[in-house]
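Have a look at the structure below, then the notes.
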Amino acid sequence: MKKRWICFVLALMMTAGLLAGCGSSESGAGDAGELNVFVWTEYVPDAVFEKFEDETGIKVNVSTYSSNEDMLAKVKSESEGAYDVVLPSDYMIEQMIAQDMLEELDQDALTNLSNIGEAYLNPSYDPGNIYSVPYQGGVAAIAVNTSMTDLDITSYADLFDPSLADSLVVLDDYRAVIGMTARSMGYSMNETDPEILSQIEEKLLTLKNNIRLYDSDSPKSALISGDCSVGYVWSAEAALAMEENPDIKIVYPTEGAYLFMDNWAVLKGTKNYDGAMQFINFMLDSEVSQMVSEEFPYLNPNTAAVEAMGEEYSGNIAKNPPADVIAAGEYVQNLDTDTLAVYDEMWTKLKE
Amino acid sequence: MEKTRKHSRHSFRSNTLPAVVMTGPMTLLLILLVAVPLIYVGVMSFCSIDQYYNVVFQFTTKNYARLVSLDYMKIYGQSLLIAFVTTVICILIGYPFSWLIARTKSKYKKILYMLVIVPFWTNSLIRVYGWRTFLGTNGWLNTALQFLHLTDGPLNFLYNRGTTILGMVYCLLPFMILPLYTSIEKLDQSLLEASADLGAKKAATFVEVVLPLTAGGIFSGSIMIFIPCLGYFFISDILGGGNSDVIGNLIERQFQSGNNWPLGAALSIVLIVITLILVKLYQRMGGSMENLGV
Amino acid sequence: MKRKKRERNRKRLSALFCALVYLFLFLPISVIVVNSMNATTSKPYLSWKGFTLDWYVKLFDNSSLLQSFGNTMVIAIVSTLLATVIGTLGAVGMYRYKFKGKALLDGLLYIPVVIPEIVLGISLLTIFALVDIPRGMLTLILAHVTFCVPYVIFNVRARLAGYDSSIEEASLDLGANRIRTFFEITLPVLAPGIAGGALLAFTLSIDDVIISYFVNGQTKTFPLKVMESIKSGVAPDVNALSTLILLGTIVLVVLTQSDLLKIKKKVKR
């Protein structure tokens, strides 16, 4: 009996060692160092990482997050150098620059930067693209399963309609949901006036009855499975849900939508700066960018890739949001901690 | 015992080394990784944050002031309610079930017991997710109901307080069954017979003889279910859809997207206090701490 | 007659009740097993697209999944070994010696068992962040050892309750030194308690989600990998690996249990 136990433990150890070993030695990667990449869930295809590993021999360790704030919390709680490359949105880039968390990019290494359209360069949150380059962007849009609701949804305000009781999937992201509520009332997503905020709060709480599920990672799942009939989701999630179920339609709100642009950046204290620059430049490659758009069809600032993909991509309004939608939309901005505490409290009330 | 004590008095010096060698690693571990971190959480709960959410060591009671607001109270209430209902359901299902398998004369008794433990060997998250697949709008249950023409369209089972409780019961039920099984199995058959011989009705025997003897199992099972319920944030995430948060969700949010560690620390202190009250209550009722760990 | 009938009905009812409870316990497991054989390849992997066993093969190409399982096994084995050694020594030491602060130590021991895991998780996270230990394998093992040690101690202690220390003294009297006595006399007596504690520690370690979630850094354990895959729909290969793990454990238990039975028979003879 004792011997059996020892044999059992030894066998366990051997399997463990074997598995741990094969994970790291496989695919020949790792010879040229490692790169720790921290990205949004459902945003960068596995195949792209594999391609990068094959081409450079750098092993990529991928971790994922569900919101900008999650990413910030995790990066800050970790030791310096734990992550090399991150993918924050516009306002978060600005905040991280202000906190001196980002490393300047080596412009000479970014030979593929010319692929990015003029309109997407030199953004207000990072003038001159000193710290970041755009990856993908989009809209927090509305997805409607027309076979499950008769309501003609055209605006964020329609999401508050009582007939949608217990049928919405919304982003689990407080800036996005509170911002949407503000837009539906004609306010900005970045209001700080306490009076207006309390009005927004009142309206926000009426949404509670309609929300069935909070999901930022893959809200398309609930739409495809039929668990939810209407969604307040990232535009590509709507596009992917539409591919699975033709009854699902995308709606850009008449009030002007929540916009975002996510950007590659390198963290201070990185242990592999060259690898990080290599990776970012790789992501700007037009072929790689096409691979990305095929799996996660967001607004692609890589004009070279967009041209190559043709009508299939640019003619699809869910994948490639029309220019007037972008023009009418609004980006999230950084707010002071006191205001954000109010936002956080509103969120807590909504979720109780 | 007497002898050991004499022994140690005689050769105190020679006993110091073995005592340190034996209890040293454990003491170090408990102090560095249990006591110090918890004290630090207590300290942090009185700290402030700067404009970038960094913790600054500046005394404030603001975190606790925020906690006593009605909104947080409602979530505590909801969390306690979920924990209470879960515990009651676990007793109602667990007691008769443990009774039946502990007192069966079947030769498969041991297997019946093992079958309660087997589900534990599959990752708990994936089992909870299994419920989501089962209960979904186009899940197994709805498909079956429609196939049998019991319902016309799919029913909404998921993403409410009920499904959260279902998940909690599912994950924690064995913690009720196992201690009850042990205490019921220990029951002396002759005692029950004696009670019956003395003319006691079945109900009276149960209330006056059986229940007091198995109360220990109920209490330790309850405490092992009630307390984790307050913290299991992943169940309310997966099955509650974010609509039935427990205290654990509040803490998790402040350490992740909320980025407010001091507030999260204050929430944790509240949870610790609730736990301590429950444990005291448990001890007051005669529960033994040893039963919780074995 | 009537009584017999009632008795029979009662028995049937009991059997039905038990069957329902087992159904409840095993239902999600059947979902996992069935979904591991689903031919679907599109997220969220919910609709049934036909039967296949491909996932059991493809699973071995998914290096990040295998790696996470490997990590879980390494962490579980290392922390079980450490917790067992530290716990056994501690339990015997606390049983045998009196020292200042013993009561306090005893109280500390219950904390990891009683407080909700999330509190232990965040407290370890804050302290690891404070002293800036890089999160990863090391912090995971430290955390797992922390919550496993009390369980080992309690199990060993239960065994110590019925322990007759006079044989130890006899051994010392006969000239054996302390270390030899510990290994040859004390340990064999405590073995069942130690094994029970180790098994419990192992089980807790491989299934831990909440504490690992806060201290893992970029090292993924199998439960954390599952958590991540739940975000976008659990892929059939994750279900396949779960099914294999379950089968493996069942086989293991059947082997060791039949072993136990045999030994008992021998003793009887």
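A, B and C label the chains in the order they appear, each numbered from 1.
One rule holds in what follows: a contact is a pair of C-beta atoms (placed from the backbone, for glycine too) under 8 Å apart; a residue touches a chain by one contact, two chains touch by 3 or more.
Given the structure is predicted, the values throughout are model-derived calculations rather than measurements.
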item: Pair with more cross-chain C-beta pairs in contact, given A-C and B-C; value: B-C
item: Far-end chain from subunit B, centres as C-alpha averages; value: A
item: Centre-to-centre distance between subunit C and subunit A (centres being mean Cα positions), rounded to whole Å; value: 36
item: Mean-CA-position distance for subunit C and subunit B (Å); value: 16
item: Subunit C: positions in contact with at least two other chains; value: 46, 125
item: Per-residue overlap in subunit A, given as positions that touch at least 2 other chains; value: 66, 225
item: Sites on subunit B at which at least two other chains make contact; value: 136, 138, 255
item: Subunit A - residues contacting subunit B, complex; value: 66-67, 69-70, 72-74, 76, 95, 98-99, 166, 172-174, 211-215, 225-227, 336-337, 341, 344-345, 348-349, 351-352
item: Parts of subunit B lying in touch with subunit C, wherever the complex brings them together; value: 1, 3-4, 7-8, 15, 18-19, 21-23, 25-27, 29-31, 33-38, 40-41, 44, 93, 96-97, 100-101, 110, 112, 114-116, 118-131, 133-134, 136, 138-140, 170, 173-174, 223, 227-228, 230-234, 238, 247-248, 251-252, 255, 261, 264-265, 268, 271-272, 275, 279, 289-290, 292-294
item: Partner subunit B, residues of subunit C touching it in the complex; value: 14, 17-18, 21-22, 24-29, 31-32, 35, 46-47, 85-87, 89-90, 92-94, 96-99, 105, 108-120, 122-127, 130, 142-143, 145-146, 149-151, 153-155, 157-158, 165-166, 169, 178, 196, 203, 207, 209-210, 214, 222-223, 226-227, 230, 234, 238-239, 242, 245-246, 249-250, 253, 257
item: Touching residues (chain side subunit A, partner subunit C) in the complex; value: 1, 4-5, 8-9, 12-13, 15-24, 26-27, 36, 41-42, 61-64, 66, 77-79, 82-83, 217-218, 220-221, 224-225, 244
item: Complex interface listing, subunit B residues touching subunit A; value: 49-54, 66, 69, 71-72, 74-75, 78, 136-138, 154, 156, 158-159, 241-243, 245, 249-250, 255-260
